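These are the structures in question, set out in turn.
One chain, subunit A, appears in both complexes that follow, with subunit B as partner in the first and subunit C in the second.
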Partner chain A sequence: MKDTIPTAETASRRPEPAARGGRPRRRKLTFDRVTFFLAFLGVPLAIFVIFVLIPFGQAIFWGMTDWRGFSPDYNFVGFDNFTKMFQDDIFLKALRNVALLAAFVPLVTLTLALGVAVAITLGGPSKGPVRGIRGASFYRIISFFPYVVPAIIVGLIWAQMYDPNAGLLNGVLTGLGLDQFDTFAWLGEKAAAMPAVMFVIVWGLVGFYAVLFIAAIKGVPGELYEAAKIDGAGRFRTTISITLPAIRDSVQTAYIYLGIAALDAFVYVQAMVPNGGPDNSTLTISQRLFNVAFAKQQFGYATAMGVVLAAVTLVFAALVFLVNRLTGGGEGESKRKAPGSRARRAAAKGGAR
Partner chain B sequence: MSVIAADRKPASDRKPVSDRKLARAAASSDRRFAAISHALLILWSVIVIVPMLWVLMSSFKSTGEILSSPFSLPDHWRFENYANAWTDANIGKYFLNSVIVVVSALILVMLLGAMCAYVLARFEFPGRRLIYYVMLAGLTFPVFLAIVPLFFQLQNFGLLNTRPGLILTYVAFALPFTMFFLYSFFRSLPHDVYEAALIDGAGDWRAFFQVMLPMARPGMAAVAIFNFLGLWNQFLLPVALNTDQDKWVLTQGMAAYASSQVYDIDYGALFAAIVVTVVPVLLVYCVFQRRIAGSVSQGTFR
Partner chain C sequence: MATVTFDKATRVYPGSTKPAVDGLDIDIADGEFLVLVGPSGCGKSTSLRMLAGLEDVNGGAIRIGDRDVTHLPPKDRDIAMVFQNYALYPHMSVADNMGFALKIAGVNKAEIRQKVEEAAKILDLTEYLDRKPKALSGGQRQRVAMGRAIVREPQVFLMDEPLSNLDAKLRVSTRTQIASLQRRLGITTVYVTHDQVEAMTMGDRVAVLKDGLLQQVDSPRNMYDKPANLFVAGFIGSPAMNLVEVPITDGGVKFGNSVVPVNRDALKAASDKGDRTVTVGVRPEHFDVVELNGGAAKTLSKDSADAPAGLAVSVNVVEETGADGYIYGTVEVGGETKDLVVRVSSRAVPEKGATVHVVPRPGEIHVFSSSTGERLTD
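Let's look at the complex of A and B:
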């Protein structure tokens, strides 16, 4: 094979650079190699570019037009859509609701998930080395259950739980003697609807992040716990001083992806309060966008909302990074094992959800 | 609080006596820690399980029974709720649609994702890092930014409201996740096996399919499980891009069935439909749960 292409041999008279860090050297282009690259890189990239990248790019352009979809002509309106949006009371309400979701859902979910993960991994018998709690795998399986249930079903189940007449929640509360909840409409009262929705999102997501943190905690070297024990630290102290700092990067990643999920929240609200809730108190940007686009055909305006949602998402991620850095999060460490942290980020996203 | 107090004391007088006292204090606080752990886990398990059991129980009750008391067991077990749900909600048809779309998309995305990850992880070429970071951006931006242009992109290709269109969209949006997970996996595979394959005369194609891909099987299994859950539960993409009722997937069908209940309330059948949708996935989960826990840790430590 080599003898048949002497031109390539002579062309590369310079000694080939030695493989760096175990990477393969560059080889010369053969037919096999060209088709290999075309298929292996070309096909996935083509799909990615056509169905993800181009739509993202188009979104930014269309956000500055008054396009209504089915006619080919549109006008470039610059930032008019955005100024209109920030005078639109319904949109501003949605923005406020989404900000509330992003403020509370990740915080509560992570606190609970960390609690569950720490309890499962460190809550074991107090004698001997730090061990998992009895029945650890049972608790782990149970707490992961809601993540396996499709989010739309999670929403439907809780819509029934919250039902004023037939729901279990009011049944339990009246059974406890709280008669004012006899026909209390959890999703119909302005003050209660948003917290009720938040609780359901938390319920659906805690299990996944608990399992993620369990894995992270198990990766903390055992010697650290031994050392802490010799120094006389109890479990509380060990958790605060050893475990939490060690899994900090996982928490940051989880926080960002929970934020993205909370800013979206489309499935949950669509299942429980498709009309936006009492006085639009649970309306999200995603719902508003969907409605403006596919019911009102204002595609330019809707796309502009998408741009704002993306911007809010990026601001949220930047805030999380900033807070982590200001409170002493390790940048050096995350750089050193970059591929691992990237995979972790990918794992935290948990597939296409 | 007492833990901190106990910790502070020995710093001033380091005597073996206080060490023993300290150990006793630590042990008692550890017992408290274990008790709180148990309480928290039991409480959370109850919060998770009770709604599910309630749905299961209610799926055998009549609408009248459900409305009169949420607690009572059914008079007699109405299996006809399941028959009604099956016919009214078209669960069988939507289930089949979901299987077709998700399985096709899963096979495609695993293959393409592995190929892409392999090339990015093991070859040096100009633009490698650019491709990597562009895909990272694709993982971070919300799908809602793309949803309207995506609608028209599919329309232009004649793929709107078709299964291939939905499948390709699923593949495209699951690709970055798949790529990143497998990227680190391929990077960690030993190099000499690959070299040996080349020396034995295998081309790039054979080296991948016969040597590298089989070695990546644990990583592939982990990603496949997550992709399956993510795609099976997908709601926004089908609702926006797959509006032909004959091609609806299960999540769409369930949402529509639940909202149709506003006019014609049959709670028992609705609960039965929920049970039918959830139970298969839950069973699959219980079979694979060790794998799933393992794959999360793989994602964390690679």
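Let's look at the complex of A and C:
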């Protein structure tokens, strides 16, 4: 297999506009070009503006009203909803809870997913070709199973598993002789509820991200892993020093996806602990928003919460990008283009010697 | 420093019954530069990867020095490998790429830095040590890949077509650099290529493989002068050796209108097998053109005195490389047309479309059995 890594030469082989003769001219608006832009740019853009941007703007507006949802009357209240929100202990609790979810769920899920993916693709014997552990394809299918089950069903089934008296988990634990778990309420104890919820979310999502990482790892030229093998790197070392840097773009994307899913987590918590858990210890913003809107009919206030949740999500994504950038990822794509091309030219000269 | 031994090493890929490498038997001396060469799919890369530990060995053994490494993982074999696409770690600087193996081996930082800088100096990479591979040209990347192998000071270097991604000019100069570097370091090297020119110019010895079977291991000189069979004869040399099937006559073979004398033992060996013909191999430079006062023609006996000696070649193309000219023509042998390449002096090249007569120089012909392809003369 001859993978060609996109190289500096292939990139620089594309002639500069100047090399093609003068500055790039504006091309004629032919029927072909106009219809192309309409179909591939105009339509998606229109849909995006109508169904995403405008509702976003509306949400920000409604967040500054005391609209009750079922009447046309409302008063503009400015930032009252937001100041009220940050004095609301329950909302702050929910904010803390989603922060915990966003901190732990992506980290644990992706660590496990990476472990599974590495075992399936590269975890095989240290001699012979690079390959996965025995029965890799079997584990790959198995690991995907939880993701096939709809989240609401995952939540409902695990709620039953966690049941203090009739649940499978306590049944197994007492069967093993751990009698203190006889009637342990996993979702009813303040200390256990949040980890129990996190476990279910992780359980439900690991398989998908394992499959994602398997694809990413297979996209890396196999010679790289072979070179690492010959250099004497073991499985753990290869994973940290070679595999992870090679798939860091996939990891970043997955981290953001998962962060957004964890910040929401509505389906899982609503299925398992619809009341917010003991002392609101599993309450999420989305759950709080749902109750404020549909139980208390404070749509204006709920919309404001939605705006805050969106802001939190953006901050999370920005953090992920920042961390990735600070640890040396994603460099040289846009910012360092100029020195890069200069380097290539110098390199070409050096190579010709 | 160590010897390398392939002892009937065999590799059968799962799901296939035909071995990719079939009972490979080669002894490589300490410090030797051995080149594995053959057409694609001949098992040369597989052989190298078996030695690297990147491919399982289904039969036989592989030894480095006195150690049986057949079932050792790559990291315990004390080898370094240069890959075709270099396999540089894209996220590491040149220095980190070269020092990675030492870092894993637990060598302290100062020593790694020192060794990397030494290797960089040898390879003219000093100013690029902080660059990432993607900011390097193809030739520089190739040198980094070499450097990564050198800093480890392994017992054996393995190189898998390391020059095939370079342009023609750079390939020629790098070829010489690698060969001289290897002589200087004195590290046993196994080098895989499909390019017979590379094989002939770089190797102390060359091993030709075909369909997983070793055809011949010998010095480039002997490989050229005494190819062991038809395959090696046709593979080694550029332009390739002319192989013509000719009938056996009394005391020699009939080459057109001339009788070329051939060792009696060779003819006897052929006729003992029941063959009425043998395949004669003549390199392009070993033909004499009758029209250009070919010396050999006069010494050969002719069948019919009035016709010109030798084979009639109708010239299709004449290639002039400056130093030499090559005639690409067709001949009719035994009712079949065959392509023939003849080297002539660049000062006297025949016209396109002309017909010339050629005879081989008697001492310079290779005789192979038509049925088995084995060499008959020595």
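The criterion applied here is as follows: the second predicted complex is superposed on the first by the 279 of 353 C-alpha atoms of A that agree within 3 Å, B and C clash if a C-alpha of one lies under 4 Å from a C-alpha of the other, contacts with A are read in each partner's own complex, and residues count from 1 in each chain.
We adopt the following convention: contacts are C-beta pairs under 8 Å (C-beta built on N, C-alpha and C of every residue); 3 or more make two chains touch, one makes a residue touch a chain.
The structure displayed is predicted, hence computed values, not measured ones.
S.K.: After lining up the shared chain so the two structures overlap, which partner does A:Pro245 touch, if you call subunit B first and subunit C second: first, second, both or neither?
M.R.: Touch status of A:Pro245: second partner only.
S.K.: Tell me which partner A:Arg237 touches in the superposition: subunit B (first), subunit C (second), both or neither.
M.R.: both
S.K.: May I ask you to decide whether A:Ala119 touches subunit B, subunit C, both, or neither, giving the answer as first, second, both or neither?
M.R.: After superposition on chain A, A:Ala119 lies in contact with subunit B alone.
S.K.: If you stack the two complexes on chain A, which partner ends up touching A:Pro146: first (subunit B), second (subunit C), both, or neither?
M.R.: After superposing on A, A:Pro146 lies in contact with subunit B but is clear of subunit C.
S.K.: If you count the residues of subunit A that each partner touches, which comes out higher, subunit B or subunit C?
M.R.: On the superposition, B touches more of the residues of subunit A.
S.K.: With the two structures laid over each other on chain A, which partner does A:Glu226 touch: subunit B (first), subunit C (second), both, or neither?
M.R.: So A:Glu226 only meets subunit C here.
S.K.: With the two structures laid over each other on chain A, which partner does A:Leu41 touch: subunit B (first), subunit C (second), both, or neither?
M.R.: After superposition on chain A, A:Leu41 lies in contact with subunit B alone.
S.K.: Who does A:Gly328 touch here: subunit B (first), subunit C (second), both, or neither?
M.R.: Touch status of A:Gly328: second partner only.
S.K.: Both subunit B and subunit C touch subunit A; at which residues?
M.R.: After superposing on chain A, subunit A residues 125-127, 232-234, 237, 340, 343-344, 347-348, 350-353 contact both subunit B and subunit C.
S.K.: Give every residue of subunit A touching subunit C within the complex, in rising order.
M.R.: So the residues of subunit A touching subunit C come out as 2-5, 7-9, 125-130, 221, 223-224, 226-234, 237, 241-242, 245-246, 248, 328, 332, 340, 343-344, 347-348, 350-353.
S.K.: Would you pull the subunit C residues touching subunit A in the complex into a rising list?
M.R.: 49, 52-56, 71-75, 79-81, 83-91, 100-101, 104-105, 124, 127-128, 131-132, 134-141, 148, 152, 170
S.K.: Okay, in this complex, where on subunit A does subunit B touch?
M.R.: The touching residues are 22-24, 26, 32-33, 35-37, 39-41, 43-45, 47-48, 50-56, 58-59, 62, 69, 112, 115-116, 118-120, 122-127, 133, 135, 139-153, 156-161, 165-168, 170-171, 175, 203, 206-207, 211-212, 214-216, 218-219, 232-237, 250, 260, 263-264, 266-267, 270-271, 274, 285-286, 289-290, 293-294, 299, 302-303, 306-307, 309-310, 313-314, 317, 339-340, 342-353.
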